[in-house]
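Heads up, the next two complexes both have subunit A, just with different partners, subunit B and then subunit C.
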Partner chain A sequence: MIVLLEAKKLRHTGYFPAFLGGTALAAAIPPIHMSVRSDTFTAQPGDPFRILTDANWQLMTMLNLFLVICCTCMMYYTEFADNGAQKMETLPVTESRLFCAKLLLFLSCIAVMLLLETIVLALCGKYWFADYEMRLSALLKTCGFSFAAALPTVILMLLFASVCKNMWVSLGIGVLFMFTCSMFPKDSLFFSLCPFNSPYLTFAELADAETQRRFLSACAAESVLFLAVKLLMIKLRRCFS
Partner chain B sequence: MNFLCLIGAERKKLRRTHIFLLLLLPVVFLWIPGIIHADINFDRRGIPITPEKNFFIQGFMGMAWFMIPASLVICTILLIQTERSQRGMLKMLSLPVNMAVLNLTKFTMLLCLLAVQMVLSVGAYYLSALAASKLQHYNLLLEPLYVIRTTAQIYAGAVPVAAVFWMLAVWIRTPVLSAGIGLISIVPSVLIIQSKFFYLFPASYPFYLLMVAYGKAAKGIFHTTVKWLPLLPATILITLAALALSCLRFGASDRKG
Partner chain C sequence: MYMIETKNLTKKYGSFTAVNNINLHIQKGRIYGFLVPNGAGKSTTMKMLLGIAQPTAGSFHIGKKSYPGDRMEILKEIGSFIEAPAFYGSLSGEENLDILRSILGLPKQSVADVLELTGLAPYQKRAAKKYSLGMKQRLGLAGALLGMPPILILDEPTNGLDPAGIHEIRTLIRSLPQTYNCTILVSSHLLSEIELLADDIGILNRGRLLFEGTASQLKEKAHAAGFPTDSLEDTFLALIDADNKKRGGIKR
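The block that comes next holds the complex of A and B.
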């Protein structure tokens, strides 16, 4: 119910067009890339889906991250503009429920986005590679992994957006984090676990089941930590306002 | 109210916005890895470049490619939002202020904020070059004239993109779209500077100019001269068109009520 209400608030803010536009742009990268340089990729040995993600996922994730930063800022911008948040406080809605509703709405958008992008990657594989066979379970696994990897970043960004009353501050912090994290060395697992860095990783890149399990549990732990920080901040809000 | 008076008013509005901190932090974060990994500047990998120029250009790359457009997006949001919250624009409309002049004032403030960031980054460069020199026992400092000239070139290259972002922020009232377009335009500039039509894409100018400086310092990496002929007219045309369009629309939606 409250999730629907949140969706209604965002209807006139350009949030959904921005989401669709961003997703379309990110999903357009693999077909464009393939149509320009298809020979280089089809000649490579190995799993076609892996080749496609290796070639495109970095750029797609960068677009996705920008979309996450903009859209999370927008979600709380509707609250802080014209003192909407103050009005919400007089209603029988707790702040934590509001946060969870926004998070739920945002995560469902992210799920749709990642699903569409995975489908496009798979279709590209089907179209350009003769030996690619589409397996639904593998696609769902990849998509689910990307979703889990994006989770800490999304929660942290929504946390920033909910704390900063001015949109440029949360936007600035988001861009700053993205910029700083992108300068960390890419080859170590520890640095790729940082929020804003973990979405760049793909399922195929992690070698064995043990590393995958470790990576996923670390993402889950980060997500729980950020959620706990948010809930704690709501409890201690007198210290912050 | 004249232009200078309006500049003073805008400066006052910016006082409590934390924008200077937001401009300073990326500059600091940019150079920390540069100091830590200063030894890689000596590993040339066959590129004929001196370590001191390598240190400067590698450090500024993140700045020219990512941080300048991103800072511009943040600053445009800030300058637009100072009027939009609490119906500030309506109050401005009731004052004897020409909307086009106010628009140009805000654009000047945008350029000033970027100039502050460039000055900060030159300062940060010298501090980090000093620290890295001490660590590596090698003088990594470049002469100030070269550093300032290159930075000024990058700054001048950022003016058209500032005008375009400002126009987008004025025309598109929903900040998510204008900020989104601005941020997304960062992504392809690495590819675009290598194409023939880079001059049609203002977000790539700062990075292009830095890459030309790289090409000058290390032969064979990139072009050694700026292709002024399509670039300069395109720059002027884009800047003027964007400014004219933003003047046309600034405050229009509030005027209708």
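The block that comes next holds the complex of A and C.
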């Protein structure tokens, strides 16, 4: 119920159209890319889905990350702009519960976004590659992996947005992180684990099940750590306010 | 039995003491006027009663509930309006109140009731960011009155209202203890406002409670101390001035 309330708060703010617009923009990349350079990709050997993700995922992720940064900032801007957050503090609902509700709402939007983008990639494979066989389980695995890889970034960005009352500060921090992390080497698993860098990694890029398990465990640990930091900050803030 | 009672409530920020060992006694069904100069610890005290700020020392209880154990239960019983109107600008007045209603678990009718009570009903569909200052103030007050809680904490509720609005809100607040048997803690810089509203008065200066009691008790005390008693304003200013001279400097 509290998640629905959070969704209600975002009405008339442009949050949902922004999310849909951003998703549409990122999802438009593979068909546009294929329509202008299809010969380059269809001539390549290997799994068509892998070829498509290798060709498009970097740019799509960059747009996704930018969307995450903007939408988390919008989410908390509505709280701080007219002191809505202050009113919430005087109601019988904890700040941690509100944060978790926001996170759940945001994650459901992210899940829809990733699902749509994966479907578009698969449809491109079906349309341009004659030998591509669409398998639902493989698509869901890819989508689920991308979701898990995005989790630490989303939580960290939501944490920044919740801490900075001035939206431009959290926006600046997010953009700075996004561009700094994009310069990290892509072939190192250690650097791939950094928030803002982990979403660039695809399921197919991780060779074996053990590496995949390690990567997902690390993402889960990061997510728990950032959540714990947020909860600790809520406790400490009340002592100093 | 007091509805709100604080015991040596203290709040320190480093070496600065914002609220120093205050003992408030607010009786059930009465209006308690908080007379406080700027920066004397009024908002900090109110924030501590709402659990937004954690007391450095001391304790308080509200009804039979005590802080911090019953914080959530306490918040269910308090309607508050602190510092400035707080709302979601992109939502209409009605939508804003509906969010509060959902959290408080109140029936839908309660929103229409407070909109009517605060005179916002004709503007309920308008985005709150487009409200005038007076309307925003009314929206804040409507949020506090939602569901008619047994305790109201109102920080300068008539700020930004025109004289007719001030009279209207004052009459409304004045009528609440009789109509709904609620207890009200109200602050204002307007001494005449408190004089007209409050049954009991508390005067806070530089974090310390200088006086607590009825207006007539204040007059008696001021008379005994040789302070002017012609108006509450004169008495208040003399009391604050004497306290400032006694304590010297600005450090608390």
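Here, the second predicted complex is superposed on the first by the 237 of 241 C-alpha atoms of A that agree within 3 Å, B and C clash if a C-alpha of one lies under 4 Å from a C-alpha of the other, contacts with A are read in each partner's own complex, and residues count from 1 in each chain.
As a working rule, a residue touches a chain if its C-beta (ideal position, glycine included) is under 8 Å from a C-beta of that chain, and two chains touch if they have at least 3 such contacts.
Because the structure is a prediction, the values reported are computed rather than measured.
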Figure out whether A:Ser38 sits in contact with subunit B (first) or subunit C (second), or with both, or with neither. neither
Touching partner for A:Ala81 - first (subunit B), second (subunit C), both, neither: both
Contacts for A:Gln212 in the overlay, against subunit B (first) and subunit C (second): which applies, first, second, both or neither? neither
Can A:Thr13 be said to touch subunit B (first), subunit C (second), both, or neither? both
Between subunit B and subunit C, point out the one touching more subunit A residues. B
Taking the superposition as given, does A:Leu25 touch the first partner, subunit B, the second, subunit C, both, or neither? first
If you stack the two complexes on chain A, which partner ends up touching A:Met62: first (subunit B), second (subunit C), both, or neither? first
When the two structures are overlaid on chain A, which partner does A:Met167 contact: first (subunit B), second (subunit C), both, or neither? first
With the two complexes superposed on chain A, say which partner A:Phe179 touches: subunit B (first), subunit C (second), both, or neither. first
Where does A:Cys71 make contact in the superposed view: on subunit B (first), on subunit C (second), on both, or on neither? first
Subunit A positions within both the subunit B interface and the subunit C interface are 13, 81-82
Subunit A contacts subunit C in the complex at 1-2, 5, 8-9, 11-13, 78-79, 81-94, 238-241
Could you pull out which subunit A residues touch subunit B in their complex? 13-15, 17-18, 21-22, 25, 59, 62-63, 66-67, 69-71, 73-74, 77, 81-82, 166-169, 171-173, 175-176, 179-180, 182-184
Considering only the defined contacts, which subunit C positions touch subunit A in the complex? 13, 47, 50-54, 72-73, 75-76, 78, 80, 82-91, 95, 98-100, 102-104, 127-129, 143
Per the touch rule above, subunit B residues touching subunit A in the complex are 17-19, 22, 25-26, 29-30, 33, 62, 66-67, 70, 73-75, 77-78, 81, 84-85, 172, 174-177, 179-180, 183-184, 186-187
